[in-house]
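Got some structures for you, see below.
Next come two complexes, and both contain chain A; in the first it sits with chain B, in the second with chain C.
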Partner chain A sequence: MRFYEYESKALFKRHGLPVGEGGVATSADEAQSLAEKIGCPVVLKSQVLSGGRMKAGAVKFADTPEEAATLFDEIMPIIVNDQKARSVLVESKSPIAQEYYVGVTWDGRRKLPVLIFSDMGGIDIEEVAEKHPEHVSQTHISTLLPFTPRLAKEGIGATGVTGAALNRLTPIVAKLVEIFLEYNLTLAEINPLVRLEDGTFAVLDGHVDMEAEARDKHAALLAELGIGEEETRQARPPTEFEIAGAKVDAADHRGVAGNVVGFDGNLGLVIGAGGGSLTLFDAVRKHGGRPANYCEIGGNPSVTKTCELTKLVLSKPGVEKIAVMMNVVSNTRVDIVARGVIKGCVESGKDPATTIAIFRIPGSWEEEGFKILAKYGVEFCDRTVSMNEAAGRAVAKLQG
Partner chain B sequence: MSILIDRNTTFIVQGITGREAVSLTRENLAYGSKIVGGVTPGRAGREVYGVPVYDCVRDIASKRKVDGAVVCVPPKFTRDAVFEAIENGIEIIVIVTERIPRLEVAQMVELAALRGARIIGPNCLGIITPDEVKMGGVGGPAADTKKAYSKGSVGIMSRSGGMTTEIANTLTAAGLGQSTAVSIGGDAVIGTSYAELMPLFEADPETKAIAIYSEPGGRMEAELAEWVKDNDSRLPIVAFMAGRFMDEMPGMRFGHAGTIVEGRADTTADKIERMQRSGISVAERIEEIPGLIQQKLAEVN
Partner chain C sequence: MPAMFIAVEVDPKVVADVEAAKQLVEVCPVGIFAQDDSGRLAIVDDNLDECTLCDLCIDAAPAGTVKVVKLYE
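After this line comes the complex of A and B, so read on.
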């Protein structure tokens, strides 16, 4: 879950990192009074959960408080990569002598956090790594040994930085690593970290991503930052349909019937599990089908949970039929899913036989499941029919 | 032969009295696995399907040889359970639990490396050597497992537990049995990657080919492609890549915790290209896997 820049900076500030003076404005008046308070010139930055703000014109500079007010009104409506601005961050603007990049993230291959440092900050780090590899260092961090600042020093020094800059940078970089480790982050980035003309350092832009799995552990921090439990902070905000799907999943702890994502097609999908859903979604599209949604069932959800998910998918505007498909199941019981989807159809006032385009879930308790499906006249297939073929049959039914 | 486990492998189940662990124990025993004990603190003296329950791993590991552990404890307690298994000399640890923060996974993996233990998972269904043993929930009830898996010479590695069985089932239907199938887990940081299992398959005379299930996110496929090239692998590999639709949806998480497109290297397009360049065949559909394997085996011979 991604943090807004102002939230990232609030976290950094808590831990003593040098964040410039500033505040968040939600109106032109607020922007103006913040600019007055901080003193011009100021920078105004759109608060969106996306990069590419500069390119989109969502970062601007004001020389007077009045200009700050005008620029606020210009910045707020700008959509950056499909994201609306939440507010505008107003910060003091100081003359910069040098820009650095500092990031901490996970290296899945080495299975360790990695500190990435460059003395060429402010631009895309991947580009720097490609064109000037000698200006980018990677330092892996043990998760068992206590972290000490010498790793930060080595990472900084590896790019050729020495003297006062090395000694001033080391505690800042070390602190960022500590924040990364303490809050279960998947990314902690300062780009750029700048040396101002007076020799001091400042965090100009910050970016933090927290692992969803660790939200509960850091509930106090999230509450302090004002991040609500309902905020998913994915690439785009959830739709009403997706929020309803999360509720279905949360209502009952047994199994999974969730991870619902809306698409604009006419074929509703009740599919599983993790990998199976990805495979089936691809298969439907490959056959020219238009999925109305993505979802995942697995871990043996209850009849009620599957029923509620089915009803939700059927209630989505434009859904004509549903396809119920999974890979060969190990733990999820075929008969329980069959009962759930049939119940969902009936409770939605629809005939399971015409509503369920195909039922392809082979595996445990399949004989019992197939009996129930046969009774309701639902077309089903066993493991001799591939996932791909089942998806093709469902698509053909909608087209025919 | 096989990799990781065979009919003589003894293992324990940590968290054995939990609902899922109880069925896992029943299914594994019914398939012929040698479960020599279980651990749930405070429940010493009980039995689960005849398997004695202990308070600590030490209480059994000090008495007899224990090769492996299946860890089925809630995410909050998983790190402690895995540390306990490692420090008591257990060498192969299957972590079934999902939703463990990756910092803790990394700590377990780091300790395992120090002690010479191997972790499979987390967020996986475990390992199966067909007709001999299974360790974990892979395949479900014994009768269902027997329908999908058969003994043979194809090794399977999969980031999805369910798709491990789907692929095995497809291979079995085509008359291709499996040497060992490993559900490696769906998280961003896992104990053992494709490339780390390859030397084991390479050294197993029974294994003649490899089938892989793969997804967007991470660098595991790139790592495999490099390994195959650098080591001039004798094994023909056929991969299936799911989640192609995700290439158009950066930043969205689907399927597993590790499945997200952030940079270009996370996309299926990039992974497919890398794998193909290293000589790995990429199947468009699951049902193409057996044919591609047979074709590649024919070329080798």
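After this line comes the complex of A and C, so read on.
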């Protein structure tokens, strides 16, 4: 889940990072008052859960409080990457000497957090990494050993930063790593982190993404920041299909049948979690298939829940068949899922035998499940058929 | 929509026995049994397919008075 910039900065400020003076305005009068309080010139920034604000004209500078009020009215209607502004952040405009980039995220290949630092901030870090790799350092961080500022210093120093700048940057960068680890974040980013003309440093822009599953753990922080439980905070607004998927999951406490994400393919997926969903989704694509959706089922969802998810997937325009696949299950019952998907097909007015391209869920109660599938003429397989092969069979049925 | 996978047959004597009906309502983890206003046993058709084949209803009733039928066999 993504934080707005002003929330990210509130989190940073709470931990002593040098965030400039500012506040959030929801009206032109508030923007003017804030500009008067802070002192002009000020910068006004649209608060959206997306980048690209500068290009869209949603970041503007005001030299007087009256101008701040006028610019507020100009910024609020601007749509940035399909997102409407929630509010406008008004901050003091700082005289900048140099811009830096610092970010902490997960390295999926190393399965470790990675600190990324560059002495060329303010622009897209991927572009810097491509054109000026010597200006970007990557420092992996252990999730077992304690983090020490020495690692941050090494990462900063690797880009050629020395002297007072190195000494002043180190505690800021180290603190960002600590925030990342403490709050189960998937991204903590400051871009740019700037050195002002007086030699001090300031956070000019910041972004935070928190692992969605960590929301309960950090409920107090989220409440303090005013982030409501109903806010999904994804990178883009959920589609009607995705909202319907969340409703299916929320309607019944038994198991999981959610995290539905829509794609534009013709093969509906009813696939299992615990890593299985990602593997199966990739396998379908590897075989040339076009998934209509991603989803996660597991934890022994009820027949009704599985049925409703199946109906939802089948209702998606363009879906020709569905593939029902999971890794070997222990706490999810094969027969219950089999009942659910067959019922979902029948209630959608479709023949399970021709609609379900493959049913590959081996494990708990599979004998019972296979009896049900056989009764309805659905092709199924046990654990002797790999997930990859099952995905290939499903794709072949659509292509054949 | 009628149940597709599971049917439950209950002896009429158990259906009419308020205490036995109460016992069945209590033991079923997926709400297949209910009691009507007079306390008689009722089957909740919408929940039949949720049956987990746990046999708790069979154990709770006098022997042979409750049968769980798999419609797919």
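Note that the second predicted complex is superposed on the first by the 246 of 400 C-alpha atoms of A that agree within 3 Å, B and C clash if a C-alpha of one lies under 4 Å from a C-alpha of the other, contacts with A are read in each partner's own complex, and residues count from 1 in each chain.
Keep this in mind: a residue touches a chain if its C-beta (ideal position, glycine included) is under 8 Å from a C-beta of that chain, and two chains touch if they have at least 3 such contacts.
Computed from a prediction, not measured in an experiment: that's the story for all the values here.
Student: In the superposed arrangement, does A:Val303 touch chain B (first), chain C (second), both or neither?
Tutor: second
Student: First (chain B), second (chain C), both or neither: which does A:Glu36 touch?
Tutor: A:Glu36 contacts neither chain B nor chain C.
Student: So in the superposed three-chain picture, is A:Leu144 touching just chain B, just chain C, both, or none of them (first/second/both/neither)?
Tutor: A:Leu144 contacts chain B only, not chain C.
Student: Report the partner of chain A that touches more of its residues: chain B or chain C.
Tutor: B
Student: After the superposition on A, what does A:Gln234 contact: first (chain B), second (chain C), both or neither?
Tutor: First partner only, chain B.
Student: Of the two partner chains, chain B (first) and chain C (second), which one does A:Ile336 touch, if any: first, second, both, or neither?
Tutor: Touch partner of A:Ile336: chain C, not chain B.
Student: Per the contact definition in the header, classify A:Lys375: touching chain B only (first), chain C only (second), both, or neither.
Tutor: In the superposition, A:Lys375 touches chain C alone.
Student: Output the chain A positions appearing in both contact lists, the one against chain B and the one against chain C.
Tutor: none
Student: Hey, which residues of chain C end up touching chain A in the complex?
Tutor: Per the stated touch rule, the residues are 1, 4-5, 30, 49-50, 52-53, 70, 72-73.
Student: Within their complex, state which residues of chain A touch chain C.
Tutor: Residues in contact with chain C: 302-304, 333, 335-336, 339, 342-343, 346-347, 368, 371-372, 375-376.
Student: Show me the residue ranges of chain A that touch chain B in the complex, using the header's touch definition.
Tutor: 106, 108-109, 111-113, 126, 142-144, 181, 184, 186, 211-214, 217, 234-236, 259, 261, 272-279, 281-283, 285, 294, 296, 298, 326-331, 362-364, 383-384, 386-389
Student: Give the list of chain B residues in touch with chain A in this complex.
Tutor: Residue list for chain B touching chain A: 20, 23, 75, 99-103, 105-107, 109-111, 114, 125, 137-141, 144-145, 147-148, 158-163, 165-166, 169-170, 173, 186, 188-190, 193, 213, 215, 218-220, 223, 240, 242-246, 249-259, 263, 285-287.
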